Every structure is written in C-alpha cells, then in structure tokens.
Amino acid sequence: MKIFNPLQTVTSLSRNEPKKIGLSPGSLVHVGEQKVERPIFSFIDYTSEEFQLAKDVPFAECLRLKDKASVSWINLDGVHDPSQVEAFGKAFDLHPLALEDILNTGHPPKLEEYDNCVLIITKLFFFDQQTCQIQAEQISLVLTVSNVLTFQEQPGDIFDELRERLKRKSGRIRQRGADYLAYTMIDSVVDSYFHVLEKIGDRLDQLENELISQPSQELLQQIHQMKSQLIFLRKSIWPMREVAAKMLQNESELFDESTTVFLRDLYDHAVQVLDTVESFRETASGLVDLYMSSVSQRMNEVMRVLTVMASIFIPLTFIAGIYGMNFELMPELKWRYGYPMVWGLMVLCAMGLLWFFKRKKWF
Amino acid sequence: MKIFNPLQTVTSLSRNEPKKIGLSPGSLVHVGEQKVERPIFSFIDYTSEEFQLAKDVPFAECLRLKDKASVSWINLDGVHDPSQVEAFGKAFDLHPLALEDILNTGHPPKLEEYDNCVLIITKLFFFDQQTCQIQAEQISLVLTVSNVLTFQEQPGDIFDELRERLKRKSGRIRQRGADYLAYTMIDSVVDSYFHVLEKIGDRLDQLENELISQPSQELLQQIHQMKSQLIFLRKSIWPMREVAAKMLQNESELFDESTTVFLRDLYDHAVQVLDTVESFRETASGLVDLYMSSVSQRMNEVMRVLTVMASIFIPLTFIAGIYGMNFELMPELKWRYGYPMVWGLMVLCAMGLLWFFKRKKWF
Amino acid sequence: MKIFNPLQTVTSLSRNEPKKIGLSPGSLVHVGEQKVERPIFSFIDYTSEEFQLAKDVPFAECLRLKDKASVSWINLDGVHDPSQVEAFGKAFDLHPLALEDILNTGHPPKLEEYDNCVLIITKLFFFDQQTCQIQAEQISLVLTVSNVLTFQEQPGDIFDELRERLKRKSGRIRQRGADYLAYTMIDSVVDSYFHVLEKIGDRLDQLENELISQPSQELLQQIHQMKSQLIFLRKSIWPMREVAAKMLQNESELFDESTTVFLRDLYDHAVQVLDTVESFRETASGLVDLYMSSVSQRMNEVMRVLTVMASIFIPLTFIAGIYGMNFELMPELKWRYGYPMVWGLMVLCAMGLLWFFKRKKWF
Amino acid sequence: MKIFNPLQTVTSLSRNEPKKIGLSPGSLVHVGEQKVERPIFSFIDYTSEEFQLAKDVPFAECLRLKDKASVSWINLDGVHDPSQVEAFGKAFDLHPLALEDILNTGHPPKLEEYDNCVLIITKLFFFDQQTCQIQAEQISLVLTVSNVLTFQEQPGDIFDELRERLKRKSGRIRQRGADYLAYTMIDSVVDSYFHVLEKIGDRLDQLENELISQPSQELLQQIHQMKSQLIFLRKSIWPMREVAAKMLQNESELFDESTTVFLRDLYDHAVQVLDTVESFRETASGLVDLYMSSVSQRMNEVMRVLTVMASIFIPLTFIAGIYGMNFELMPELKWRYGYPMVWGLMVLCAMGLLWFFKRKKWF
Amino acid sequence: MKIFNPLQTVTSLSRNEPKKIGLSPGSLVHVGEQKVERPIFSFIDYTSEEFQLAKDVPFAECLRLKDKASVSWINLDGVHDPSQVEAFGKAFDLHPLALEDILNTGHPPKLEEYDNCVLIITKLFFFDQQTCQIQAEQISLVLTVSNVLTFQEQPGDIFDELRERLKRKSGRIRQRGADYLAYTMIDSVVDSYFHVLEKIGDRLDQLENELISQPSQELLQQIHQMKSQLIFLRKSIWPMREVAAKMLQNESELFDESTTVFLRDLYDHAVQVLDTVESFRETASGLVDLYMSSVSQRMNEVMRVLTVMASIFIPLTFIAGIYGMNFELMPELKWRYGYPMVWGLMVLCAMGLLWFFKRKKWF
C-alpha cells in the first residue's frame, strides 16, 4: 500500500507521466506502485431471488455476466497490469480515457458520464497509527445498466458488511438495481472517512497535550506533517463532494429516482467530512501558534534565570574585587569591622535586587 | 450533557460510526452519549379554543393525537434508545433517513423536506462559565400538517416561556397553525444564541484584560481553547443560516404565506449571529498577536536589565581586577591618592554608561 | 451616547435579549441604553409652496399629518420607551417586527419592505478623538407614500444642512416627493462616514509615526483597539451597501424612477467607504508586523551592546585575574616591564575584538 | 501633483467632504489640491480629411465644436474651479452628478452611462523614483456621439504619441469615430500601468537584495510603505477592470461593434495588471517574512558569540579567582610547577569548550 | 531561454511597453529576449494517406499549404522579428491583435476566438535543477479550419513523441482533423506540467530535510525563491484552466463534437495541476513556519548553554572573589581547613545549581 506523504504523493503520482507527453490520449500506462502479485477477479451476482458469489475466477467467467439481467458486481484486485485492464475494459465497452483514469492511481476522485456507463473514482484512506500517516487506495467504480465493476489496487476493502447484506434475501438491497449497489458503495466509502477523522482528531488532541507539557522541535515536525496530510486529505476529499453533487443531479438516468433521498444524505455526509477536515486544519494552525509562543515563553524563563543570577552576583563580585586591590593606602582594609561591613553591604545589595526582581514577578 | 471540546466533538461524533460502514443506509444507531435514564414523552395539544398539556405520558397516548385537527406538540426527552425512536418514527410515518439523523446527535443543523413532513435539526448551546466551555444539545424538530414533534437529548430546554404563551388563550400563537409553532421554536433557538455570544464576549473582554496585566502560557491556552470553540460554533451555526433560508423559500408548502415576514426576521437574526461569531474569531486572533508581542516586550525588558547591569559592572570589575594584580612594579599602587582616584575613575565610567543607557531610553 | 467597544457592543446588544427567548416575535423591548430624558417629537411639513417646522410637539399633532398630501418628516428623539414607540407605530400602521427592530439599537443596517412602507435602519458614527473610540447612534427611517418617519436615540444629528435646504423654496428638494427626502437622508449618512474615515486615517498615520519613533506595549494595544473598531465598522457598514443596492433595485415602487441615478451614486459611495475601511484594516495589520519587527530590532540592539561589552571585558578581566593569583613562582610578576606589557596585551586584545565587531557591523 | 500616501490619500480625499453632508446631491465642490494656476482649454478636431489642433483657447471656441459632425477632443487642464467646470458641463449637457465626480479627484475609476453620454473616470500613476512613492492624477473622460471631453488635474499626460497619430492622415484612427478615440485613450492609460509596475518590480528586487545583505528597521519601513502603496494601487486599479468589462458589454450603443475585439484586448490587459499587482503584494509579504527571519538569524549569531566568549572565559576567570584567594594554607601556591600547571588546566578547559562549541557548529 | 524570476519576469515583460503608450493597438513590437539567431520555419503536412515533413524551409513554401485540404502544422522557431511574424500573420489572415499577443512573450495563457481562427497562448515550463529556477517559453498556437500554426521562442519542444505518432499511418491522429492536432498539443503541454511539478515536489522534500538538519538564512532564501516561483506558476497556469474550459464550451465550431470527451479530460488535468501548485504553496508556507521555529529552538539552546555556564560559575567566582579580598581581619583565611571548606562550599553550590537546571530539563 502506498504511503501518502503529500509531497511524495504528487511526485509518485506523476512518476510515470514523463513517458506520456505527446502519447496518444487514452494510452494505458499504470501510474503508482504494484501492490499485489497478480490481478484477481471475483464477482457477486444476484436478483431478489438468487445469489451467487465467486472468488478468484478466470476473466472469461466474469464476461459471461455482462448482459445478464441480474445485478453483477465484478471486482478486480490489482490494476498494475495495463493489458489485463485493457482486455477487461474492452470486453465491457469502456472508453480508453476511463481506463486511463483507472490505471492512474493518483487520480483525484471524479464522476464522469460516458454514453453507456458512469465512472466514479474514489479514495479509501487508512490512518496508520504507528507512523501517523495516511495511506490511500484508489477504488474505481463503473456503473452500467445492470453491472457494477470495481477496480482496487489490492485485496481487502470496507465492503464486507455490504457483502453480508447482499447474501441476506430479506434486505432492501436485493430488491433494487445496480444503481443502489453503487450508491451503497460510495456511502460506505464516505462513512469510512469518519473513522479516519476520528483517529486524526485523537492524534491532534494528543499533539496538543504533548505540546503543552514538553514542546520540542520534533513535535513541531509532527504537527507540520499532520498539516501536510490534512492539506492532502482536503485536496482528495474536496472532489468527493462534487461526485456526490453530480450523482444527485444525475437522478434521471442511471440512478433511479427513488435513490434521490439517499443521494442527498450522501451529499450531506461529504459536506460534513469536509467541514471537519477544514476545522482540523484550523486547529493544527492554532497548534503551531501555541508552539511558537511556548518556545518564546521558555526562552523568557531561561533569560530571567540568567538575568537574575548575573544581576545579583556581578555587583557582589565587583565589591569583592574592590577590596582585592593591592593599593597601599586603602583605609577600609584596616578597619576592625571592615570585613563584616562588606558582608553586610553585599547582603543588602543582594536583598535589594531580589526585592526588585520579586516585584517584577521574575521568579 | 456532552462537553463540546471541538476536537473531542468530532471524535465522539463518529465514535459509533465504525459499526456502520456498509450497513444499510437508514440503519438506526444512536451516536452520542446517553444523557437521561429513560425516554420521556410529553405533549401539548391546542386549538384556538382548547388547551391540553401532559407530561411523562405513555407513547400510545401521543399516537392518539396524530390525525387530530388540533395542533399537537409532542416532545421526546432522550434519544439514546433506537428502538423507541424507531417505533415513534414509524407511527408518524417518518423516513428511516430522518430517524437516522435524529439519533446522530453530532449531526450539523439542517432542514430536509420529505413527502409528508419537514425535518429541522438544530443545536442548543450553553456556555459553562466554570470551565469556559460550550455545551451542546441537539434538538430535532419534525413538522407535519398539524403536528410538531421534537426530540431532545435530555429534559430541560428554552421553551418554557413559549409554553406559557400557549396556555394563554389570547395570544396570537393560539390562532395559528403548526408551522407558526415550529417557526417560534426555531426563533427561540436563534435568540438563545445571543445569550451564549454575550457570555463569550464577556470572556473575551476578560481574557484581553488578563493578557495585558499578566501574560502567561496558561492564558494563551485559554485563548486557543476559545478559538477552537469559536471554530466549532461557526461550523455549527453556519448551517442554521441555510435552515432559515430554506424555510424562507419554502413558504408555499407547509409554511403559511403569512409567516414569511417572520421567517425573514429569523434569517436576519441568523446572519447577525454568524457575523458576531466571525468578528469574535478575528478578535481572538488579535489576542494571540497581542500575547506574542507582550511576551516579546517582556523579554526585551529582561534583556535590558541584564545588559544594563552587566555593562556597568563588568568594566568596573575589570578595573578592580587590574589593581588586584600582584606585579612588583605597579606605580599606581603606591600613589597616595591611588585608591580614591580609582574610585573616581569607576564612578565616571559608571556614570558614562548610565548616561548612554538613559539616552537610549533603556530604563 | 453608547460607546461602541466592539466586544462590549455585541454584549450590550444582546443584554436584554435573554428576556426575549420564547417571547412572541414582535414583542417590543428596548435594547440599548436610554440616552435622552423623554421622547421628543418634531416635524417638518412642506410642499413646493408651503413650509412648516415644529419642535417638541405633542404626538397627536404629528398624527394629524399622516394622510396629508404634503411631504411630512416626523422625527422622534429617544426610543427607550416601548409604549411610546408602539403608540406611534400603530398610529402609522407599522408592522410589529419593524417596531421591534427600531427599538433594538444594536440592529445592523437593513432595508425591509412592508406592504405599506419601507423600513431603513442606518448607523451614524462619531469618532471621539479623546478616547479614539467610535460611538454609534442608530437612526431608523420609515418611508411611506408621503411621509418620512425617523427614530433617533438622542437629539442632534447631521441633517441641519438638509433642514436649511428644505426651508429654501427654490431648492430641487421642495419639488420632489418623500422618496427623494429619504434618499437625501441616507446620502447624508453615507457622506458622514467619510468624516469618520478621515479621522481614523489621521489616527493611523499618527500611530505609524509613534510606532517608528518609540514602540511600546501600550501603542500595540491602541493598534489592537483600532483593528477591533475597524472590524466593527466593517460589520456595520457592510450591510449599508446592501441597503443601497436594494434601494436601487426598488426603483419601481416607492422610489420614483428619476431618483435612480442618485441611488446609483449612493451605491458608489457606499462601496468606496467599504473599500477604504478594508484598506485601513490591511494597513493596521501591517502596523502590527511593523511593531513586532521593531521590537525584535530593539532586542537585537540590546543584545549587541551586551555582547560587545561582555566579550571585550571578560577576556581582559581574565588576564587581570591571572596576574592576581598568589603563586610563589610567577616570573612575570617580577619582570621590570611586566605591568606595562600586560597593559599592552590587554589593549591589543580589546582592539582585536573591536575590529572583529566592527567588521560584523555590530556598532 | 498630489502624493498618494495611501493613508493621506483617503484623508485628503474626504477633506472637503465635511462641508457636503446634507448638501444637495450634485453640489459642485472641488475635492483635492489645486495643481495648476488657471484652467486651460485646448482641442483637437478632425475628420478623415481635416485636422485642427489648438492650445489654450477660450472656452467659447470649444463650445463651437459641440454639434459639429467631426470628432472633437476637448481637453481641460485644471479642475479646481467648480464654476468653470460647471459652465463647461452645462454647455455640453452633462449631469450634475457627473460634474460632481469630475471635481472629486479622489474618486475611484468608474464608468457611468447617462442619457446622452458616458463618463469614464481613470487614474494616471507616476512612480517617483526619488521618494519611491506613487503619484496619481485623475483623468475624467466624457464620450458623446462625436466628442470626447477630457478633464485633467494639470497639464502633461501620456497622450503625446496619440496626438502624433491623429495628425497623420493615414492612420486608422482618423477613419474612425469618437468611440475609438476614447478607447485608445483608456488603452494608453492601462498601458502606462505596465511602466509603473516595471519600476515597482525593480524596486522590490532592490529591496530584496538590500534585505539579504543588510536588514535594517528602515528597510522594513520601506517595505511597509511599498505594501501600503500596493494596497492603494490595487484599490485604484481594481475598478478599472470593471470599467473595461462595462465597455465590453456596452458595445451596442456608443461603442461601435467593430471596436469589440479591441475592448476585449483592453480587458485582458487590465486583468494582467491586476494579477501582477496581486503577485507583487504576495512578494512584498514574503519580504516581511524574510526580514523577520533575517533579524532572528542575526540575533542568533550575536547570542552565539556572547555564549562562546562568556562560556570559555568565565570558567577560566573562576580558576584564576581560586588562586587569587588569600588563604594561608593553599598548598598549590607553593608548588614549583603550580603556575604552569594552572595554565595547563586553563588551556585544557578552553580547548574542551571550543571542541564542544565546534561540534555544535556554533562557529 | 529566459529565466523566470517572478519579479524580473514582470519587469522584462513590460520592458518594451514604454514605447507603446499611445501607439496604435495592434502595433507589432517584440516583448522579451531574442533566443535564436534567425526565425526558422518547418512544417508537417498530412492526410490519413500521405505524410510530409520539412525543416528549415523558406516561408513561401509554407504559404503554399494554406488552402490545401490536408492538415498542415507550420511551426516558427523565433518570434523576435516583428516584420517576419507580420508577414507570416498577414499571409494567413491573422488579426493584428493576435500578432501583438504572439510577439509579447510575457503574455499570460489565453484562448481568443477570431472570425477565421482561434488563438491559444500557452507556456512551457522547464525546471533547471542547477539553479532551482523555472524557465518558461511561450508557445502560441493558431487553429484554422485545416491548419495549425505554432510560434515558439526557440527550437526544441515537447512534441517529438507527437511527431512520431503523426508519422505512423495507423494512429488515430492521422484520421482526424486539425482540431484534434491542436488538442493533442495542448494536452502535451499540460502533461509536461506534471514533470515540472514532480521536480518541484522533490525540491520541496529536499528543502524540508535540509531545514530540519541545518536551518540557515540561505535556505530560507531558497524557500522564499521557491514560493515566488510558485506564485508565478500559479499566475501562469491559472489561465490555462480557463483555456481548457473555453475549448470545452467551444465544441460546436472549430472543435469537432467527438473531441469533447478529450477536452473534458484536458480540463481535469489542468485543475489537477492547479490544485497541486496550490498545495505546494501551502507546504512552502509551512516550511517558513518550520524554519522560524527551528531558529527559535536553536536560540533557546544557545541561551540555555549560556545561562547554565554563567549561572554556575558566576557565584563560584564571587566566592573566590570574597577570599581574594585583602582585609587584615578575615578569620576564615587563617583557619586550617579554610581552603578545603571553600572548595566544599563551591562544589555544593555548583551541584545545587546543576540539580536545579537538570530538573528544569535544560540539559
């Protein structure tokens, strides 16, 4: 799984692009890392009455489902092999530009309508609590009249609960078409963002606490990293709102009208996620201010200690220096109480300065 | 009552969401804390002629009011029990997505129209002057043709004055329908925001005064906390404006046309609240600047004291050091007025430096 | 007259609101301070031929003008007595919500159309050069077919020149209707903002000059106060632009079409005022930066003095300390030119350091 | 010529306004400084065949051109005399509000359509490289069917090249109407902004170089001044974009359709100027950051020198102080190699500290 | 090739403009540097059947292609010679304003429709990894019914792969018209931006790493330079989005409808580039914060060392100074264990201070 360092992200995003300048648009080149050994096909096929699930099947078997009236969900884990994706795409009449976007795993989310299908690109995020970094996986979804095709970078996703619901004959989802299946998937993706946000919120709380107890340069780097990740998250989730909005406008065609109220709910959630990301960014900025002032405050303390120590002892040392001079004629040196008097003078002097610093509340 | 730490807010907001990824949309799960022991139903039922108020009644009795032509306000305190809310919702034909939002006490304000009703989610805020934190309670309101259903997290609200008005037969409100009752509730909610803002304004004044007299790291944390809370408030009140705007556009249907002028007034107030929150945020940002410069200024003062002390005494100590040397041939040591002359030199030197620092206005 | 400390403003703005939560909308409660002993009515009544002016008249006499075809300007100084305002309002068929806004002296500017009249709320600002604070007075204006009603918080306004023009039979204003009179008043209000801006501009110039010559914590507080006041001004003047825009759109109804070109001019001026407030805010922000760097620069200077003094004398004192040691065998002490040689060494050492600091341009 | 200190600008802009509160709208009062001794009229009158140029002519002679079919450009240098401008304006049927704007030399650029003419207010800027300040002159232009009237604050402008082109019978401009003449003038004005921007760009480059080599408080003030001037420029040029946009929409009426492509070019240039001003402002803000960090860096250096000097010599002085004590029983004082051993100890100690600081890369 | 220092850019952009104030619009003046010795014409001419490529041909030969039905791509390297460009432009009926823009190599990207052609101005960027500066070259493209004219500042571009594709008879591009050729070029240009962004991303990563290990003033200047370059990039790429949007709207005319899906893809990429530039700018701003805090942290460390050293040795030196005084009556001096006792006192004192500083975690 690719680690999404915001900078490296963009870098790796375009790592293979150089070969592409001047290439024919729609040329199929995989952009990203290979995350799985070989592409694996699996499918679920159902009507309100029947249900069939198959894992790691040959491609030909999937193709058989193409024009069946039942709802078919065909999933491909592993998109690093352009020829495989191209074959799959051609079999299902996908546009070369759609395939190009599916292969570019650094593509921001989008919804694109083609003549015979809708392409929806989404991102799954995982927050690695060890490294405090966000990892991303691109999930591309193609909705046709009766099929949903999904393309994942690697096996493992958040759709297990959904698969359970599909198995149950009684569920609402078994009564409805491919559009409702697609909606449910996008809804699951958006719901999963709340998980990531929860973990980021915990991390921000933790950073704030550490900052107050012990500000360190390292901590600031972690805040900086968190800010960079939030910039990246916002950049990646922002287009999800537009995806939801387009699905909402889109109702008349592939999406059944009865799905509208669900799509509005989806849009709501996308907006809520974005608002939260935005308020996290403001909080992280506030943490930087808090850090800076914390450092200043500590410097102040250091300087106060130095100033108090130096200001008290320097005059005393001067007095001692005076009576360390070797002049032949220094009457005080011969006084009987000269030495205690000097001590008295020093104590007075020190107490005066202490009183002065106390009044200034320097300690 | 839940304490709305902006970060913990979002965290707790999504605390129960994990179970929901891939669940059927509209699955009823309570999000938030349980704040009351058991759900309590109460209602007020009135026409221009009659008035009836009942507290802690069984659910069945409320149901009886559903299709009565009189205006019925049914209130539920406690939304932690999904099955109870679901039963209530089904009895009144509410959409599952509406019930899902009612149970999610971290939902931002919104107005959603369904076929047979309008759902309005609002937030009540309380400013706890002990902890200087904002506490929130979600109040969801469903308006049907002749009924208003309200869902609160716990007993106690800001509608007591309203209940009094409903009792009085002479009041305008008794002459009008459920839409006017709903409007009056939202109006009360928005009016209550002015209370919270007043307290926050007082707190900001107080922080500013403390900042000037004695800047401390702790104070900055409190300003930071205040800023975070204002971010949270803005995020929560911003959608209230849209709620008011939608109510205004909505006039033709459930809201009677004669209510329009009142809705415009409501919109006005929502905008005014938001503008005030915004200007509070700018003020809080100004306080951070003030703090930083206050810290710098204090550091300056500390350094000036150190510099003046050190700069005056270090040369004097040097002079004393000179005549503390043990060279056999140091003619000055033998001069008759050597010692007073050195004193004179020292006084001159100190006065010169004092004059120099005075001219620089360093003390 | 109320002092508009931006924070206290909002506080006092909502000070009486608490009583209002759940009150009937349109309940008349005065929000603000009482600024005059008793409400005073006065009026001017004119046609192109006749002119009549009366001060401190009983309310009944004003009422007589209501349905007269002549243009009547009835002014009320003092809005602290809700019953008085209510009686006045009812006599002239004003909507309860209009009266509520008139009594709320913390209401932002707005234009609201009612069936039979237009309500325009404006603010007059005065810059108190003693305290450098902006004071505000709310002036509410109601335009009916042939009358203009104005509500002021206290006697004294900026309309004296206007009254003079009304007296002169030859002026254009005597030929025109109540709408032109209302326009002229709003125009005078906006023109008066240029006065306030001029004084604020002078104050900013002065702050900048003081900042450069002698930065102090107190000065920063004054800049902070100025920024807060500019935030308040912007918040209060911003809606004036919308008022002007609404008047412009409104031409067909109460405002005669021939007034349009004048309203466009009014809108122009409102925009110009806002742009100036905005650029003042940016300038004030620049002053904060200037202050911070000024403080840093001074700290730099203090540290340079300390460093130069300490770095020069500490090695010299060390040398003196060496020859102040009491070892029995220290050959230098017995050299004939030991003492002058040490002096030479010290002078060399000091000169080397001076050259070093000079090269670094530290003094 | 008035010096446009952004603050003084607004101040002086409204300096004469006080007299105007409540004055009749369209009252003619000059706002600004008198920059020329007496108003001077001059004109150019041409058709494709004929050409006539006259300088310093009596007003009556200009009036003669009013209804001539030829294109007439009448220029007035000096707008400080309201009666003169009023007479001119009345003769050419200008609206009083148009004349008011022409006399107000602090008016932002605008385009206003009247029944019989179009008023365009523009600003000329000059960058005084001595004082590094921007000076402005208002040029107001009135376009009628066959005439262009221009009002300048003082003689001297950027239209000399244009006058040359008008003289040449072959030029395209002689074939076209007054609208093309007006367009050409506005185009020249916008082109002249590139000159000013070039000089400001040079100045910013210079400030950046000085900042790096020798940051000083004075330099920061110059950057601050530059920022203020850019705020002013943006505020003044921003409406020029709208002027260009309005000219573009306006094509159907006074502007001939064949001028459209030229107006689009004009709009392009206005946008380009604004973008450049905006990027200059961001650059200037970056310079403030650079300055602040430069100051911090220098402070760091100063502190490092102090710390290294003090940390090395303070322990050595302590050691010398030890052996300067006068105890009767201090065996070391009597050792044969006591003195050289102490020297050895001191050298070791100093070298240890030097190594420590070296490793920290403090020098 | 011109080095695009953002400031120098604007400066040089307008360097030749001064001559142009008042010049006829459309006057041809080259703005920018001459980058090639003499203008060089080359062309590619193809149908689905035939293909012809010629380099460095006389202008007349190009002209021959003008009205041929085949698709002709005529390229001119070197636009410093206005007369050459004018001759070329006139031969192909280009509008003088189009030619003016082509000659102004500082023109921001734009798409302008003329009666017979479309002008598209684009920028090529190169990131010089030696100087870390972005270099730009303007490529202007004119699309007519069957021809594409390109104007480059110098030989060498990113179209080599495209030329290869054109040679191959089998490619899709050979089947399609001039509009598809133009689209492919713009697509190549936008694709090339990903290269530049990749290199900038690498550079930002590198700057971040250097910043953490060794912050220096020089590094900050490099970050400042990077920020300036990103400001410039954004300013230059922003209009590219509008170019893509205009191409998309434009479909009906010169662009064939079947190209729409490709244009939407192009628009997508332009948005993606802009988002990345924006997030780079935010990252660069974060680096400045990181630098500032890094400097503060180091200062803190320096001050802590100074404070610890001074605070420990200054009291010890004072004690030594006490017993260096020459009073006749100082009993301690005669005590047998006076000297060791003083040592003991000193050690205790030093250890106490060390414990104090340890507890404060100052080392």
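Note that the chains take the letters A, B, C, D and E in the order they are written out, and that residue 1 is the start of every chain.
The definition used in the following text is that a residue touches a chain if its C-beta (ideal position, glycine included) is under 8 Å from a C-beta of that chain, and two chains touch if they have at least 3 such contacts.
None of these values were measured; they are calculated from a predicted model.
Number of steps on the shortest path from chain A to chain D, with steps defined by chain touch: 2.
Of all chains in the assembly, those touching chain B and also chain D are C. Residues touching across the chain C-chain D interface largely differ between the two copies, under half of the numbers being common to both. One simple way to say how far apart two chains are is to compare their mean CA positions; for chain B and chain E this gives 43 Å.
The distance from the centre of chain B to the centre of chain C, with each centre set as the mean of the Cα atoms, comes to 26 Å.
Residue positions 292, 296, 299, 303, 306, 310, 314, 317, 321, 324-326, 330 of chain D are each in touch with at least two other chains. The touch graph of these protein chains is a ring, one cycle where each chain has exactly two neighbours. Starting at chain C and stepping first to chain D, the touching chains follow one another round the ring as C, D, E, A, B. By the touch rule above, chain A contacts chain E in their complex via residues 6-8, 10-11, 13-15, 17-18, 20-25, 95, 97, 100, 107-108, 110, 112, 114, 214, 217, 220-221, 224, 227-228, 231-232, 235, 288, 291-292, 295-296, 298-299, 302-303, 305-306, 309-310, 313-314, 316-317, 320-321, 323-326, 330, 332-334, 336, 338-339, 342. Every residue of chain B that touches chain C in the complex is listed here, in rising order: 158-162, 164-165, 171-173, 183-184, 187-188, 191-192, 194-195, 197-198, 201-202, 204-205, 208, 212, 261-262, 264-265, 268, 272, 275-276, 279-280, 282-283, 286, 289-290, 292-294, 296-297, 299-300, 303-304, 306-307, 310-311, 314-315, 317-318, 321-322, 324-330, 361-362.
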